[in-house]
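What follows is a group of structures, each given as structure tokens.
In what follows, chain A forms one complex with chain B and a second complex with chain C.
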Partner chain A sequence: MSTAAEAPKYDPAYNFAFLDEQTKRMIRRAILKAIAIPGYQVPFASREMPMPYGWGTGGMQVTAAILGPEDRLKVIDQGADDTTNAVSIRNFFRRTAGVETTERTADATIIQTRHRIPELPLREDQILVYQVPIPEPLRFLEPRETETRTLHALKEYGLMHVKLYEDIAIHGHIATTYAYPVQVSGRYITDPSPTPKFDNPKMNHMPALQLFGAGREKRIYAIPPYTEVASLDFEDHPFTIQAWDRPCDICGAEDTFLDEMVTDDQGGRMFICSDSDHCERRRTAGHTGPMTRDAAE
Partner chain B sequence: MYVAVKGGEKAIRNAHRLLAKERRGDPGIAEVSVPQIDGQLSLAVDRVMTEGSLYDRTLAALAIKQARGDLIEAIFLVRAYRTTLPRFGGSEPIKTSEMVIRRRISATFKDVPGGQLLGPTFDYTHRLIDFSLAAESDCPIADLAPSPDNAAVPTIASILDREGLVETEVDSDPTAVPGDVTSGALDFPTGRDVRLQTLARGDEGFLLALGYSTQRGYARNHAFAGEIRVGTVAVEMFVEELGFAVPIGEITVTEVQMVNQFKGSSTVPPQFTRGYGLSFGHCERKTMSMALVDRALRGRELGEDHVGAPAQDEEFVLSHCDNVQATGFVEHLKLPHYVDFQSELELVRKMRREAAARAGAQEAAE
Partner chain C sequence: MTSTPNTNALLRASGLSKFYGGQVGCFDVAFELWPGEVLAIVGESGSGKTTLLNCLAGHIIPTSGVVEYRRHGEIMRNIFKMTEAERRSLQRTEWGLVHQNPADGLRMTVSAGANIGERLMALGVRHYGDIRSAALEWLERVEIDTERIDCRPETFSGGMRQRLQIARTLVTRPRLVFMDEPTGGLDVSVQARVLDTLRGLVTDLGLSVVLVTHDLGVARLLADRMVVMKDGQIVEDGLTDQILEDPQHAYSQLLVSAILSA
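So, the complex of A and B:
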């Protein structure tokens, strides 16, 4: 991108990727445990990062712990590489680790994300790192950690099913549209982080390793490659994902998550892919949408 | 218009430049210096050191300058710096009974051995704006009495303890290493070591409100300010090669011992219980609040009924008292959430369409 020339330079005054080696080892141990128990939230000694809690400190610590000098890092927020916080996190690792960064999903070895999973299917040689605000899927049903840990230990998930049932009884739909709970490998109910439920199917049997970091809540969890990830539902109310009745206005994609942009105060709207890299690749490949076609005519 | 969301990198850089300019203020007015902040806004420095968990006056003063006087932002700067420091080990417990005292008061006795020493306090000042301070003020002069010999200033708790009137504080396990909330996740229920550490780092305003709530009947525990002392104590560290502890410096601390509601049982005669507060520097409001909340959190240990008061609720208090965590998560709502919002929009529109269809069908049937 055009801004690359102004990107911050590598500053070797910091230890590689900011964290000291001992802290990285501690985080790696938590990650290994998390991979060994898919979907289980492993407590870890989360550090204070030079960014605020709630702004991706968990994901950053996970990324820092797994990052090597050969890695190519991609950072997205809301699916886009150019949202302000994604820019800020990418610059942090450019400065403290000097690693190569990319906006191309296909070129990245590590992708740190907030709120989206890229549209392009990920591969075995890639790792997806999620920023997680509230790692506990049962938190809004039971605020106490002591209680929720016991519920997980006993695999007592009736509470969640009752919540989903009540949604259907009251609204006619399961009224959870993001952070839609999943069950990992038939065991732990897990929070996919606030990604839209549109992305849930991508988590199932994903070839890439999925790591989740919650800094403020001091938890790490993982979904190993090719693990079964089931979105909770009922036989007569099967899980469905969002669908739009129109394609991306720019690239014409009909199978992507679309962001709605307000274009005027007269009800004008345009819909474009939230995954900016995906949209860009499609346009480069010659695809057009209603708006780009209009412009060409 | 699609271009409008691009250019985040440049926008951030420009915003930071503007921030730096705003921080400096009017260039025609002299810049505030770090020693000025340290010396003249010393209570702000004390708070930043306490909640930042790092005793370094210069660094705290610098953080206040950088944060434009936003103390939570300054605490955050200090915390983030603290994380990067290597840990050499732990000191011996400080001995507040051997404090070189600047201020020491007790609300439980009219006179006590060692006397009541007001020290530098806002108490009993009339809160009238002093307009003379608007001009450059002269150097106020105050004659200091010699600090009392600390052997002559026994702690109030020890005086009560001699008669068995207050619960005796005993090390549950003298060989146990205290927990460290900065190098592990909180695990509920916690021990008092971890609770006190968390409260010491906790937000002054949050603890003030909670402590206040106990006074208004939400887990009331009838507190008396047994003793408040402010002064300097030596910090000693055990040196393996020497085989004994050596002083490595001294720090100013504020310590509060609250004496609370007595209790007894069939085996223990009635006696007062304690709440404890400690901070770096001079943070009286903070330590008093901390002591009230500490006592409220000891409810279970002392066999009190849990009446559902917030101050008694360990998970509630400890999970929410950290202002760096709290401010981060509250302020993260500024980050874009449009993907989640889009998901909600889609569902709300769908449900509204269905509701309209239902209403239409009903109308047609009528």
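So, the complex of A and C:
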């Protein structure tokens, strides 16, 4: 766990939030356009960031462009605040912008995320920033960028259902479990980034603004607050989310996304909330799961 | 060829030319296609058949000339004056295109069922069971074992791929189908079976077809009428039997006499 003591101090040698002001303005223009056309992928002049593509450079640039000195930043990776990437990005903004950071969802004004939407419902005064590896939901079916742009422009989305058809034909059900395609505001088909489909319903009519940044692919897109987000499906194979037949081993929650953790080489495993802040708050509130109860006995 | 107004023709080309720099693709081509008619465009390799077909199907923009089509319940309209959205919608609803190489017309990495279902899904069908049963019905119609519905076309033979491409194109009941050498590259016995299937479907569905072929045998079996092309121009046109039995132009005579008689 990173503590305030370990975190680097603000270094005023950097321009606020690392990027220069012109770049931030360019990114803000792209963000404004993205908000005006929900789900549409806006090209932007993605910059080199001091870490490799694929580690969240898109999300970082969006965060840098919208961050203000009064903001409180939370960064999660796979739902957890204490993973390497989350800790590094949090420290990066402490050092380059001097902003406060937090691990508590309720306290954050900006949440940069990879792979999860927090379990706690977000509010109107919060912004969720997604790190996106491949923004184009049609990419694996249609490799040509010129063609996918035309398909979006003309709203020719039959292809997306070909993938879902193929899932059912081969697996008996829609086997796409993450990056599950959605249609935003009845118009653009959009990739919710590699979040589990468990989180798709949270995107629908979310009070918080959702921004998506893809650094390597140089695209920004957005879902404005209270926008309809529908997960694609068939009439006779409706969209469903993952469910577990057991609660979180630590906090006992039955309505959260669980990570499976292998605990030994004897087949031992435990299931715990992937949202580490949510799990922590439940434990603090006195909730227990099967394992924490066993330990107490 | 006359182009009287108030015609009931389905497709009309007039003064159609396509140049590739100084090269002539096709020059001053004009003809009409009537509903339910199968028209063969014949000629040797390089005579501009495929260029012409691509112009007619709206895939390449001609240098000059007009292609008009009469949509269901509408009047004749120039397809190049339509918006791209409308032209593409035409291509995936009322039109179909069968490529010579099935790999060009099929999605090789998804199953046969998904290939057949794609056009249905593009039209907004969102019921898996309905798509599935349409796919099964069409596999049967083109004589592919229905057990192969979940196999990828990569695992199919050349003849099966071509049958699958035909099923995939015809599943939405287009009014007009463009075919580019549909039996090219298949061995003779497979060719005969594909032709047989095709002939049955064309009659059953009352399709209009523009068929490009260098094989006069294919034209004889399928086409009502044919045009003969040489160096990008139409040198002769008429009923299939008429041209094959009594060719007038010297080039047509040469072409017909080149058929091996059985």
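Heads up, the rule we're going with is that the second predicted complex is superposed on the first by the 295 of 297 C-alpha atoms of A that agree within 3 Å, B and C clash if a C-alpha of one lies under 4 Å from a C-alpha of the other, contacts with A are read in each partner's own complex, and residues count from 1 in each chain.
Convention: a contact is a pair of C-beta atoms (placed from the backbone, for glycine too) under 8 Å apart; a residue touches a chain by one contact, two chains touch by 3 or more.
Since we're looking at a predicted model, the values are computed, not measured.
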| request: Go through the superposed model and pick first if A:Thr146 touches only chain B, second if only chain C, both, or neither. | output: first
| request: Based on the superposed arrangement, let me know which partner A:Tyr165 touches: chain B (first), chain C (second), both, or neither? | output: second
| request: Pick one for A:Asp236: touches chain B only (first), chain C only (second), both, or neither. | output: second
| said: As a test of reading the superposition: which chain, chain B or chain C, is in touch with more residues of chain A? | reply: B
| task | Using the touch definition from the top, say if A:Ser46 reaches chain B (first), chain C (second), both or neither. | result | first
| Is A:Thr177 touching the first partner chain B, the second partner chain C, both, or neither of them? | first
| task | May I ask you to decide whether A:Tyr10 touches chain B, chain C, both, or neither, giving the answer as first, second, both or neither? | result | neither
| task | Could you tell me which stretches of chain A are touched by chain B in one complex and by chain C in the other? | result | none
| chain A partner contacts - residues on chain B that touch it in the complex | 1-2, 5-13, 76, 79-80, 82-84, 86, 182-189, 315, 319, 324-325, 327-332, 335-340, 342-347, 350-351, 354
| Residue ranges of chain C in contact with chain A within the complex | 84-85, 88, 92, 107, 110-111, 113-114, 117-124, 126-129, 131-132, 149-150
| task | Would you pull the chain A residues touching chain C in the complex into a rising list? | result | 141, 150, 154, 156, 158-159, 161-163, 165-166, 168-170, 233-237
| remark: Within the complex, chain B is touched by chain A residues 3, 6-7, 20, 43-50, 52-55, 57, 77-80, 82-88, 91, 114-116, 133, 143-146, 171-173, 175, 177-179, 194-198, 216, 218-219, 242, 244, 250, 257-261, 263, 270, 272, 274
